[in-house]
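Across the two complexes that follow, chain A remains constant while its partner is chain B and subsequently chain C.
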Partner chain A sequence: MRTLSDVYIIGSGETKYGELWEKSLRELAVEAGLKAVEDAGIYSKDIGILYGSSSLAGSINGQNDIGSLIADFSGLASSNIPAIRVEASSASGAAAVREAYLAVRSGEYDVAMVGGVEKMTDIYGSETLDMVGTILDREWEWFMGATPAAMAAMTARKYMKDFKVEKESLAMLAVNDHENASKNPNAHFRNKLTLEGAMGATMIADPLNMMDCSPMSDGASAIVLASEKYVKAHKLDGIKILGSGISQDYLALHSRDSLYRLNSTVIAGRNALSKAGIKQSEVSFLEIHDSYSIYGLIELEDLGFAEKGKASQLVGDDIKLNGALPVNPSGGLKAKGNPMGATGVGQFVEAYLQFKGKAGERQIKNPQYGLLHNMAGTGSTSLVHIVGGA
Partner chain B sequence: MGELSSIWRESTHRYRLVGHKCGNCNTVYFPPRDICIKCHRESIGKIKECNMSGKGEIVTFTVVHDVPPAFARQRPYIMALIRLEEGPMLTAQIVDTDPGDVEIGKKVSAVFRRIREDGKSGLIQYGYKFVMES
Partner chain C sequence: MRTLSDVYIIGSGETKYGELWEKSLRELAVEAGLKAVEDAGIYSKDIGILYGSSSLAGSINGQNDIGSLIADFSGLASSNIPAIRVEASSASGAAAVREAYLAVRSGEYDVAMVGGVEKMTDIYGSETLDMVGTILDREWEWFMGATPAAMAAMTARKYMKDFKVEKESLAMLAVNDHENASKNPNAHFRNKLTLEGAMGATMIADPLNMMDCSPMSDGASAIVLASEKYVKAHKLDGIKILGSGISQDYLALHSRDSLYRLNSTVIAGRNALSKAGIKQSEVSFLEIHDSYSIYGLIELEDLGFAEKGKASQLVGDDIKLNGALPVNPSGGLKAKGNPMGATGVGQFVEAYLQFKGKAGERQIKNPQYGLLHNMAGTGSTSLVHIVGGA
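Up next, the complex of A and B:
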């Protein structure tokens, strides 16, 4: 009988996130993938399986089978390895990592590669919005005129009213994201943001303005996972994926009991922590899916770091890089950027850099455990992973 | 043709607010569901069509400024989550009112309107929107 293997991240690679007009979908994917392979110090022939993740490549770029695309242009076509795409709208990245994690954990593969990519600026902004709307219930939300920002805004209005939370608390998350992104050379936005700037931006869907919304970014992120056996045989040192949780909820927000309790996040978080055998108090930093500022707040609650309605008490100094619970050291979805299929993989890249002491100016001191949270749509699917120094 | 057939398929539900009711536990669903989320297999073959009164209450709302191409001519517009008298909640626009008059908890009722206009085919799609009750 086979025993389950511990799973290590042994390398990471990433492109810059942003409006990268000079780079194509495949160039982005290959750049991140090759950097990860180089970083891991492995040969591409060692890769046993490849998972590609993209949310919108079929819609925006007219390109499907991203797994084969990445494998082919990374020079792997002749090794004929399995290479498939994993899609879970805006949670595609972490969903692909989870599949790779399970493949290695099961003992079936010793080395698995994950490459997430999105090329969002190849069409006009309003057309891109049309594609991003695929993360909602197309027939009963999107058809009626709802956008992802509108859904988040309706949650925000209800949350702010029920818990008497001021708009400033939402804006503080964006300010924190920009502060951290100013220290991340790969971030989409490297400018710092003042609270006044965050409060006064152009309205998108009232009460959310442009500074509450993550941008449409181009970018790619990749990691290499390996089994304990492989890591020992090659004397590598990586970081461990200690727990993986995934859960889902009703596709449409109007079908749920609560507008501001993300059941999928609650359950995925609980499962990931329990598999890792740790408590919230042991977590050194979080990367959370703040596609819209309001989600950042309620995720802190649903992941168990604050009581419902009380996350606003946390979003001051505590969440800064040198605070008690640093949130989004990478710059988060708001400022590092949100190339949808790459975003979840990018959270693992950040964790890897943090644990390897390679995070430069945004380095967190002696991290023990990192919690990574990636979410689809308004919460229809959530993934939570716990990673730690090996 | 794909888009046309999808509109035709949902037209009863969108034109006349026809939902579904579980014959086993009497739970009402809108948008319609083919299986009851409480009774599961016990509801198979027992789901019936069920007319909604079109009356409801605003649970939350937003004014959308950044809009998709099919709604370019309606910008800005009010989107809301509305709890129907029969129990289900749905997502719809509120029209014929100033955004300043919209409040959580206020009563609304359904009207039949043009929903969206497809930029490429020019196809106009109809369905329910809501107006404030005076």
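Up next, the complex of A and C:
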């Protein structure tokens, strides 16, 4: 009889995020994957399984079965390493990590790779928007003219009205993201942003302007997971996944209990913290899914770091890199970028770098626990993971 | 410390497969899912997680995140039951079952549902073909004009030449599929097929004619998996998943070792049999992924039921329902149909019905073990599962 294994992250790799016209979907995926294998100090053939995550490759790039694509192009297929794709909209990345985590934990594999990739610039204008609409409820939302930005804007309006929150509080999250991204060589946007600049950007869906919306990014992120047995046998070190939570709400926003409480985030967060056996106060930094700035505020509340309607009190100094609760040291979805299938994996890359002391100018001092939050679309599925140094 | 659990299938549900113009993607998925829950005799809220499988929903129907879609429309979201999608081309179904199997086996969940669905008739003609092309290597195969049928035809030509196999041997697999499907109320095609009819059909890609090619089907299949603890606590019965194997080959056909040896199938089959601790001779029936008739022959060989080039010796009486080795009692991909994301789950539905004695006119007497083989595209990923009565 076998028992459950602790699960480690032993390596990470990432491409730059951005508009990468010169690189294809497969090139991005393989670049990140090979970097992760090299970083882990293992051989590719030691990998037991590859979980590919991509939300839109089938829609945008006309390429499904991207697990096989990556396995083929990276040479993993020559060792017959199985490869499948996990898709959960913009939470595909963390969903793939969770499947890899369960597979290693159960003893099925000693080593699993997760590779997240998205190539969002290959088609243009309204077509890209149409593809992004595939993560909403197609028949009840998209066909009625709703876009992800419009949905987020509705939520923002009601939140700001009910809790008397000013637009500045949303903008300050973007300012923080850009500040951190300026220290991240892989970030999509490395320019610093002033509060005035954030407030004065082109309107997208009132009250959300361009600086409230994460960009369409190309990019790939990869991590290597391993069992305790493997880590010890090969004298590796790594960081640990201490808790994994996943939960669900309605896909269609109109069916939810509340426009500004993300039930899936509330439950996933609670479960992950409980499994890790820690409290919010022990968390050293957060990576949260701020695809739109309003979600950043709401998530801080739904993850238990502020009371409902009060997160704006945190977005001054507290969330800065040297603050009481650093948020999105990577630069977050707004400034590091949002290549959908890669985004959630990229949060693990950031955590790995932070715990290994490799985060450069954006290094947080002596982190104990990191909380990573990845969300599908407007909140249908949420995943929360707690990671810590091993 | 927890130990690994045995994994049971405790219920199944399925829609009819076919051109179902009056039903949408979500209606199909929910119909199959609710039937499975009812069949299992549990409450929906007892489900720990939903694995949705669909290969083409993001491409054909403009709907990604179909895990969330099903959870929403079926009411599972009201119990916050998490839902993700697994995609591995035409092997998405078995890949999703495997993820559910690992999740239950590791103790993460006591009950998991797998729902596979595809709605392939919603767009027409060349567009549907273009969408099916998303499961090939887009840049190296599809853009060069290759189609799945053309790839299978190349394989068939070389196989028939090298092993001096006549076209009749391929046709006899289709005849067998149609014979069995005539006894399956859910099958796409219930007409019996004569050898002459199979030989004389419209040519698609020489030597494969229309009767060598599985159809574009709409449909959904669902099963409910449960841990041993849950099954005993609730005095349920079910069938057991005794072994699960998955393996990989190159996505692009031109990179493979051989045109007519499916390495991924060879390895996945060997692993599944080894994990179940049984030999080929103990298998009572097979469900194999005969998306094109030539693959049926090759798979019988690569799964170890015939020597390479000799499977044509089996396709007479042996593969019939009352033969020594019944193949595709469900009607197989050719006649039960091939709604891609549902196909692999549908094989489990058939196995469940066979072991529960509920397969009606196509019932196999006292089955001991069933082998289920589901394959991605031209063989990039293969999954093999061994199931048996509990």
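Structure notes:
Basically, the second predicted complex is superposed on the first by the 390 of 390 C-alpha atoms of A that agree within 3 Å, B and C clash if a C-alpha of one lies under 4 Å from a C-alpha of the other, contacts with A are read in each partner's own complex, and residues count from 1 in each chain.
The rule is simple: a contact is a pair of C-beta atoms (placed from the backbone, for glycine too) under 8 Å apart; a residue touches a chain by one contact, two chains touch by 3 or more.
Since we're looking at a predicted model, the values are computed, not measured.
Of the two partner chains placed by superposition, only chain B is touched by A:Met203; chain C is not. Once the two complexes are overlaid on the shared chain, A:Thr343 sits clear of chain B and of chain C alike.
When the two complexes are overlaid on their common chain A, residue A:Ser293 makes contact with neither chain B nor chain C.
Using the contact criterion defined above for the overlaid structures, shared-chain residue A:Gly62 touches chain C, although it does not reach chain B.
Of the two partner chains, neither chain B nor chain C is touched by A:Ser214. Contacts of A:Met154 after superposition on the shared chain: chain B is touched, whereas chain C is not. In the superposed model, A:Asp130 makes contact with both chain B and chain C.
Look at A:Glu141: by the touch rule set out above, it reaches chain B but stays clear of chain C. Of the two partners, chain B and chain C, it is C that touches more residues of chain A.
Once chain A of one complex is fitted onto chain A of the other, the partner contacts of A:Gln248 are limited to chain C, with no touch recorded for chain B.
Comparing the two complexes, residues 130, 133, 139, 142, 252, 255 of chain A contact chain B in one case and chain C in the other. The residues of chain A lying in touch with chain B in their complex are 126-127, 129-130, 133, 139-147, 149-150, 153-155, 157-158, 161, 202-208, 252-255, 259. The touching residues of chain C, counted against chain A in their complex, run 1-4, 24, 26, 49, 55-56, 58-59, 61-65, 67-69, 71-73, 76-78, 80-89, 95, 99, 102-103, 105-108, 130, 133-135, 137-139, 142, 246-252, 255, 263-264, 267-268, 376-377, 380-381. Chain B meets chain A in the complex at residues 6, 10, 31, 59-72, 74, 77, 79-81, 88-93, 99, 104, 115-116, 125, 127.
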